[in-house]
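Just dropping this structure here.
We just call them A, B, C and D in the order they show up, numbering each chain from 1.
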Amino acid sequence: MKSTFGQSVTLTIAGESHGEAITAILAGIAPGVPVDRDYIASQMQKRQAVGDISTPRHEADEVEILSGVFNGVTTGTPITLLIRNQNTRSQDYKAMSTVARPGHADYTAQCKYHGYQDYRGGGHFSGRITAALVAAGAIALTALARRDIRIATHIARCGGVSDRPFGDLTADMAQLNNSTFAVLDTQAGEQMQAAIRAAKADGDSVGGVLETVVTGMPAGVGEPWFDSVESVLAHILYAIPAVKGVEFGDGFALSDMRGSEANDGFAVVDGQIRPTGNHNGGINGGITNGGTLRFSCGIKPTPTIHKPQQTVDFAAKEPCELQAGGRHDPCIVHRARVVVDSAAALALCDLLALRFGTDCLGG
Amino acid sequence: MKSTFGQSVTLTIAGESHGEAITAILAGIAPGVPVDRDYIASQMQKRQAVGDISTPRHEADEVEILSGVFNGVTTGTPITLLIRNQNTRSQDYKAMSTVARPGHADYTAQCKYHGYQDYRGGGHFSGRITAALVAAGAIALTALARRDIRIATHIARCGGVSDRPFGDLTADMAQLNNSTFAVLDTQAGEQMQAAIRAAKADGDSVGGVLETVVTGMPAGVGEPWFDSVESVLAHILYAIPAVKGVEFGDGFALSDMRGSEANDGFAVVDGQIRPTGNHNGGINGGITNGGTLRFSCGIKPTPTIHKPQQTVDFAAKEPCELQAGGRHDPCIVHRARVVVDSAAALALCDLLALRFGTDCLGG
Amino acid sequence: MKSTFGQSVTLTIAGESHGEAITAILAGIAPGVPVDRDYIASQMQKRQAVGDISTPRHEADEVEILSGVFNGVTTGTPITLLIRNQNTRSQDYKAMSTVARPGHADYTAQCKYHGYQDYRGGGHFSGRITAALVAAGAIALTALARRDIRIATHIARCGGVSDRPFGDLTADMAQLNNSTFAVLDTQAGEQMQAAIRAAKADGDSVGGVLETVVTGMPAGVGEPWFDSVESVLAHILYAIPAVKGVEFGDGFALSDMRGSEANDGFAVVDGQIRPTGNHNGGINGGITNGGTLRFSCGIKPTPTIHKPQQTVDFAAKEPCELQAGGRHDPCIVHRARVVVDSAAALALCDLLALRFGTDCLGG
Amino acid sequence: MKSTFGQSVTLTIAGESHGEAITAILAGIAPGVPVDRDYIASQMQKRQAVGDISTPRHEADEVEILSGVFNGVTTGTPITLLIRNQNTRSQDYKAMSTVARPGHADYTAQCKYHGYQDYRGGGHFSGRITAALVAAGAIALTALARRDIRIATHIARCGGVSDRPFGDLTADMAQLNNSTFAVLDTQAGEQMQAAIRAAKADGDSVGGVLETVVTGMPAGVGEPWFDSVESVLAHILYAIPAVKGVEFGDGFALSDMRGSEANDGFAVVDGQIRPTGNHNGGINGGITNGGTLRFSCGIKPTPTIHKPQQTVDFAAKEPCELQAGGRHDPCIVHRARVVVDSAAALALCDLLALRFGTDCLGG
């Protein structure tokens, strides 16, 4: 369904980069989940631009809650979240409204919407619309946390620099969720930021990889064949602009292993059956195995760059050279991690509600 | 939805490895598509075991067509495809019905189905159920081919050996679709098969990577945000057992590029706007751009191996050592490629029907 | 979705009147539900023709269970049910394959399927396909009965004759579920059968009204706005051929009442809150209120009659007179009641699973 | 899906009677449909209270368009419509927040939402939320009208008084769409209003029947079995509060006819095949036959009345007598007709887009 994700817990989003507002309707969240406006604001802040490595477009991103919350908790009915657009400089985009910016959706939107699309700032295809996911995700993350299901994402790689792998999950996850540039190794983080600045100085951009862990997921969740945990997570993760790869556990690295290395065994720990490894990301046969979920998203470099590029004007059907002006991010990897956390939280709330019923995460 | 994929063109599958039959109901395929039983049989054959690098379990895999086809063409109403199971040796599995085989769904099925699941040969989680996808996929591939939309997959990597990249697509795709071990470089294929035999000799298994191309897709297909082409393709690809990574275009390799390298420009070719590169897999903003679709699936090594493994008996809640008997594949990568082709065809038929209506691929 | 109903518990059906087989895939039924082949057979028998008031086409309607049942109970994975067609006399239909039979789907199928449809015996639009609903419904009814949720339907009206209203539900429901012509007042039943025979003698047909009750439904089930209990039940009931009206509680009769008469109050009975009336069919605001569900389906007279009718040949685009041969029912109301029971059971299983999770009706 | 309707064209709604705002996100509407704010306002006005036969609660019901419309036409991306609540007197409801008002959803909401629901003015179950359907429906109606598909609804019966049947559809439909109390026979309309006033004087309320026609629908639309035109229309119609009956064509009256009377024949008119009757509502086998669609909705009397009623306080689990204060409608039938038009338009846009593709109603 075009703009709605999920079956039991659903998210519907709308909005354009330079339109009036971004809107999310989050439905199916159990009644009785506390809604903390400060926490929502802090999540929105993580998606915001940071210092000199991001776009100078700054918006308060205040989230208005218009329905579904009463006396500070969810009612169980649909929650409307509204984020007004501000600080838009639409005139930046007028001149190039029919130029197919490489790596962007301008030309494909033209093919689908025949010239009626709102071209300003990428319109409906702008990364700005992820604000709706983050706002809704904050409520989903709260619902999960009350059942001790926790999510954290680090920048595993950015600008050619690698972070250290996860170690002590409790400490690592706390560190990530308190940081603005989410790395486990601070020194690696500084090298990444240096790489971002170098790309910016060249009028260019960089990409990276985000690795996510989820602790506390009960075993037995997932609706194979077609709604396997991987299918449902990948579905929403691939809705995030710039994600071009998704892998679970060791992912593509498994392809070079032998079975004896790739298989995760099981053991009895404190009377409970637990997986003894995590090559498979905590999922077997599309169903959670009680271990930590682990997946990675490959993020392509920001498509808007200031270097000249060869492309076409699709109205004139003529080649042209594009040298982008406007305000842009040399890297969006560090901003995307809260989007990934949010998207994962929404998918997991849906899978849990399908498995255990609509009250399962409630008050 | 548990066992149904798609919105306009839908596939519903059922069956267990050692049950009576595997069934697929394919609905929403336009009326008037010729159904060629020989072509279906040839596709089923590609999924079958090949020589000494596969399981000795051989089945005719005859596909019975029970509805939806009349006078040799599709009627437009649901098509039922039935594949009877034969040659099952269920006694192989009785002894280990409560042993959590590492890398398999035994324990997770137990958590979801509480002991009621059919444990024989992996039951509903067996790769054998992919026979349903291949049978249905044959009809989807036929429907696409009549609009000159063609799909081919090669074994890009297996057992640590890489195939050459795609070159002349027309020649390469024809070669792949006529081969039983789908590589572009025959010598690489022989090295891969040697690696598979070596793993088999060690009682072990190998994995690999499948890379797929789709030519002829019109621009403007895809239903973002949530039903982006990537989301829909990844959803069904992740339903295939052993797929643990999916990437589009250059995928994770994009994460180490700069924007100036990763962006695909556009040009006017014979009066048509065409992308000038394919780093993004023919998709921008979740919508096809008229270029070749390109994506890769990472396949983990077959979980069943003959080496001893540490795991648990989940009924007894006790550790145990497993040394698997039975008949198994040291590699399923070469068999999985036709499953990937089929799954992709089903997803693309669905996206095309959503975009252009239920008749769009009809007679 | 064309041929699939439901979200958590789903039914997919396929088949044509004179094709190979009718197939149902029932997915999402909880693991551990006993599957009693004798009960399924007895339900199939209720759908069968009875004596001289029905079509002489008699089929054994044996239901093959091909997946999803192991050791006599459901596994939790998709259940495939197959009913082979037998005793088809397709030559009856060849001559009139392009004649638009009044009241049938011949012309509309032509508009949708462009001549590719299987025209024999109504093809995919034949009432025969309801065999799939009844077979699947038998399993759904069993799942519900284990939680003391019970369904029964009587012929409230047929051929202009009315049955008495429901009285003592326990006795009435038992009587109905053991009868082949489901009325509460035997004498009314005989008058109805006389009316059917009179219509048959005239080469004509009659319709009727089926009224259904469901006891034992817990309060709080339903997913408004759009998946209200009424919406979900009406959705599947309107998939039954010949149903042209659906109403809940007093239905259209409520339109002539005043609010003071139509409202159902509440009382405390044995410490439980219970509705004190049933004008609203046990549903308020689209959610069950803990009372008996009650709804009625209006069934139009069988469209195939032996009287001459004016219509067109849609291939020739010319008017023609039709005088139907073949074997037909002068009334299908008495056969439809088990289809209504089955459809309702499937819808309620789905709503219950959405509300309380996939295990809620399990073993 | 709880708060989303549709598959290709989807509507998601949110809001509570006394919350901040009512919101609709309408997705999948083709690009290029003009959005006329005056027309939207005029539709909203039809839903408003009229004179002395309705609630004294008056709101401007201004519709803010926050996304999906650019330069006065739809973009093809999701359209957000926001209606702020004003003039709410929430204190009216505080005292009775745990009283189960007969005929209302208070008790069922309690069972589903466990006390977290917004009880003020019926909360999410208030008829006020239909404002979202009307706002979205105005755009759907515009899209249909550009393809000459037109919808009109009259009050066929109200307070025991019947309107005349449809005659000349063109004139009748124009008359209805310009009227505030939509009857064909003005005198009948005055008698209805007198009946409403009489009920009001008694502290009571009345119901009625709305009959709807749709002209211009092409033949061949509908996705049986499960997404028959009747199924899809009934699904959304039953989401409208107070609808307790839905019938197509002659509906329940067909149950007393014989087949020879109920069947609609076909004729060739100006070279086109057309149905010669409309007993079946323009639908055969769940698919449109090119004739006028015709269906009726039974509307129960408004549940809020001023007469004393016996019910319970569900917090105290004790019986109580309720004598409602507040502002209420003695009848909502005349206000509901624009809701029915809107709901039908949304369902038909969805079915048309599924059949003919996402551009089919576009600019």
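Basically, contacts are C-beta pairs under 8 Å (C-beta built on N, C-alpha and C of every residue); 3 or more make two chains touch, one makes a residue touch a chain.
Worth saying up front: this structure is predicted, and the values here are computed from it rather than measured.
The chain with its Cα centre farthest from the Cα centre of chain C is A.
With A-C and A-D as the two chain pairs, more C-beta contacts join A-D.
With centres taken as mean Cα positions, chain D sits 38 Å from chain A.
Look at where the CA atoms of chain A average out and do the same for chain B: the two points lie 27 Å apart. Distance between chain centres (mean CA atoms), chain A to chain C: 45 Å. With touch defined as above, residues shared between interfaces to two or more other chains in chain C number as follows: 1-4, 7-8, 13, 112, 124, 223, 355. Partner chain D is touched in their complex by these residues of chain C: 1-5, 7, 13, 100, 102-109, 111-112, 124-125, 129, 157, 160, 199, 202, 204-209, 218-228, 230-232, 234-236, 238-239, 241, 243-252, 254-268, 271, 273, 276, 279-281, 283-290, 298-305, 307, 309-312, 314, 317-319, 355.
Contact residues on chain B toward chain C in their complex (touch as defined above): 1-4, 6-8, 10, 12-16, 19-23, 25, 27-28, 31-32, 64-68, 70, 73-80, 82, 112-118, 123-124, 359, 362-363.
Note for the complex: chain A touches chain C at residues 7-8, 223, 354-360.
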